[in-house]
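For clarity, chains are labelled A, B and C in written order, and residue numbers in each chain start from 1.
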Amino acid sequence: MRAPRTDRFRAGIFHGLLLSCIVISAAMLVTLLLDITLDGAGSLSFDFLTNSSSFKPELAGIWPALMGTLWLMAIVTLFVVPVGVAAAVHLEEYADPTRWWNRVVEVNIQNLAAVPSIVYGILGLAFIVRGPLSLGPVVLAGALTLGLLVLPVVIIAAREAIRAVPPSIREASLALGATQWQTIYKQVLPAAIPGIATGVILALSRAIGETAPLIVIGAASFVAFAPSSPNDVFTAVPIQMFEWISRPQEEFHQLAAAGILVLMAVLLAMNSVAIWLRNRYERKW
Amino acid sequence: MLTQVAPRVVEERQTRPSAPVFALEGVQVLYAGVPAVAGVSFELYENEITAFIGPSGCGKSTLIRCLNRMNDLIASASVTGRVLYRGVDLYGDDVDPVQVRKRIGMVFQKPNPFPKSIYDNVAFGPRVLGAAKDSLDEIVERSLVKAALWDEVKDRLRSNAFGMSGGQQQRLCIARALAIEPDVILMDEPASALDPISTAAIEDLMLELVEDYSIVIVTHNMQQAARVSNRTAFFDVDLDGGRRVGRLVEYAPTETIFTNPSDQRTREYVTGKFG
Amino acid sequence: MRERYQQELAALEQAVLGGIDMVVGQVDRVVEALVHQDVELASFVIADDDRIDGRYLEVHQGILSMLALQAPVAEDLRLVAALLPIVKHVERMGDQCVNIAKLLPLSGREAPRSDELVETLVRMGQFARSEVVQCRAALASRDAALAEDLVARDREVNRLQREVFRLALEAGEDYETREWAMHMTLVARMFERIGDNAVDVGEQVAFIVTGLFREFSDSSAPYSPSPG
């Protein structure tokens, strides 16, 4: 009872198409990684990591930019996780979906996730660096701007994670005499942590590479020291790389490639932490 | 000589009701203004198992959820009439549904343990109620013993609840409900997702628990109602001017419902002549 | 599993066994009354039959309830189904004791006319009693062989009945003696009926055990007259 030949043929073609898509994507990724590594690996050294930028390529380092990026990521995390999760909890558990204002909020969150990042830069400049908050072009301002940029991503991911918790769990909890808040805090959120963690990974991965908004709000490209508080001026790795690429010397281009490797290492480290957190909570299931 | 003896013997077989736990007066449940169950008035008694039976759509699940205000979770549902629990109207203005559910527990059709350990499942209710930390071990053990599950799980209390069979999970849900020491236990088709052996275990458990608790059970399995319940309420769907509304048709001791029902519709349902 | 069901089933069986015990007691009393011409004991037997009737109604209702509520199957179903005719036979045996008791005062307050006849009757009564005890044992232990053995015992009771009939014919010529003798044949008939009912109970026990219903002895067999 073998499948007829035309069916097998079609299945084979389809399978082949899918396979080739994967191969092409993987090949592109591998090519990119190889290219960068070949370009930049030679410049990686302890000095590179600890020096500040300079006009001489052999003395230039990425330390202030790296510290700037790490500061930014830390503050962004501290900002988006509570705000994003709280917003998601409100929208999923408390808001009445039939009310018009709640529907407006829903639609807008989807839109905000698609707005070009430079618009957030302008928003940050107008309201955070100058305007009402007037923080100046400091780390905190950069982090808040980036945070607003990636907040919709976190909210959407957290909402999906909360929605994925089966209603039967909520029913069981309520039937035991727990209040709605107790149910959310003790059952729904712990169960949603893996999904929320994924959302945070996505958000940070996006934020770490954003250059345009930081440039608009005034992150410096030549800063000799790492920020020591949220109120310091700062630079970030993408900005540093952009600055180096703009210089004529070939050595600086290689330094930029090394910077990319550093950036990717930081990204991998952050993601590993988030994945570890996700696994830790998933194991309890 | 036979006929002189007859009435006395038959009368002794009728169960004498104890105190009423619930008294429903003209209870009606509406979804978005459309009545789903109407005109229900009857009493449920202490330390008895009362079964709600009837064809699908007759409103038995809807009604049982009124007894612990779980219908509140459905936005479009509203309840009129009075649902008196030991004299207090559960739908009164100053009644908190959370307090209601601490006294009237519920077990659902599909076993729904929390994605936590067996211990944490049973301890959840007491923890939420503010029980002292050092009393939890004892509460967990006592509840699992009452649910006839202790011997099977006592060596793996910290293991995941999902590692158990369906029947064990359902008994865990019962233990979880017992841990908050309710007065009444509501069961919405507790065994319909289980195999016959697990069903028999749950039924045996019900017969043990009824000595300390009052139990109300919804079941689409008539035989189950016949086996375990003291009193049975038969509901049916009325086609009331084109709309389908559930109504209480007959409420009597189980033996009467299954040996000599008074209403024609009850007779047809229990003999299987329709749906 | 199903503890309450097991308990109820066991209680139903115990109720029937208890009813048989009551019958044994009635037979004992009736034989005693026969031997001593005890009219008061006879009227006690008549009054006490109420208990057996009550037991019958209880068991009848219990069987209905068991079938409706517990849906027994296989051997449990055979047991419950068989208990209905069994308890009916028990009730009939009780009625037969009452009939004997009713006949006793009619036999007059004078000493019986034939000692031999009375002795035979007493032996019949004791045999009938032993059959009732045996059918109870067969039911309690589900012993089909013991049940079948009742047929053999019952033949003895039938033989004794024919003996009583013969002795009655020879009892005497005067009116009172003949009247008394006729009543005694009726008493013998009642004892014989008790024996038949015990055999019927045995048939039901065999049904419970084997699932097949078989009449041990066919009552339509030709009547064989007493020898001599």
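Convention: a residue touches a chain if its C-beta (ideal position, glycine included) is under 8 Å from a C-beta of that chain, and two chains touch if they have at least 3 such contacts.
Predicted model, so just to flag it, every value in this text is computed and none were measured.
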item: Centre-most chain [mean C-alpha coordinates]; value: B
item: Most distant chain from chain C by Cα centroid; value: A
item: Inter-chain centre distance, chain A versus chain B - centres from mean C-alpha coordinates, in Å; value: 50
item: Rounded Å distance, chain A centre to chain C centre (Cα mean); value: 94
item: Per-residue overlap in chain C, given as positions that touch at least 2 other chains; value: none
item: Multi-partner residues of chain A (each touching 2 or more other chains); value: none
item: Chain B: positions in contact with at least two other chains; value: none
item: Chain B residues within the chain C interface of the complex; value: 1-2, 4-6, 8-10, 13, 197, 200-201, 203-204, 207, 223, 226-227, 254-255, 258-259
item: Complex interface listing, chain B residues touching chain A; value: 68, 70, 73, 75, 98-99, 101-102, 105-106, 108, 110, 112-116, 124-125, 128-129, 160, 162, 173, 176-177, 180
item: Chain B-touching residues of chain A, taken from the complex the two chains share; value: 96, 98, 166, 168-169, 171-179, 182, 186-187, 191, 284-285
item: Chain B partner contacts - residues on chain C that touch it in the complex; value: 1-5, 49-50, 53-54, 56-58, 61, 64-65, 68-71
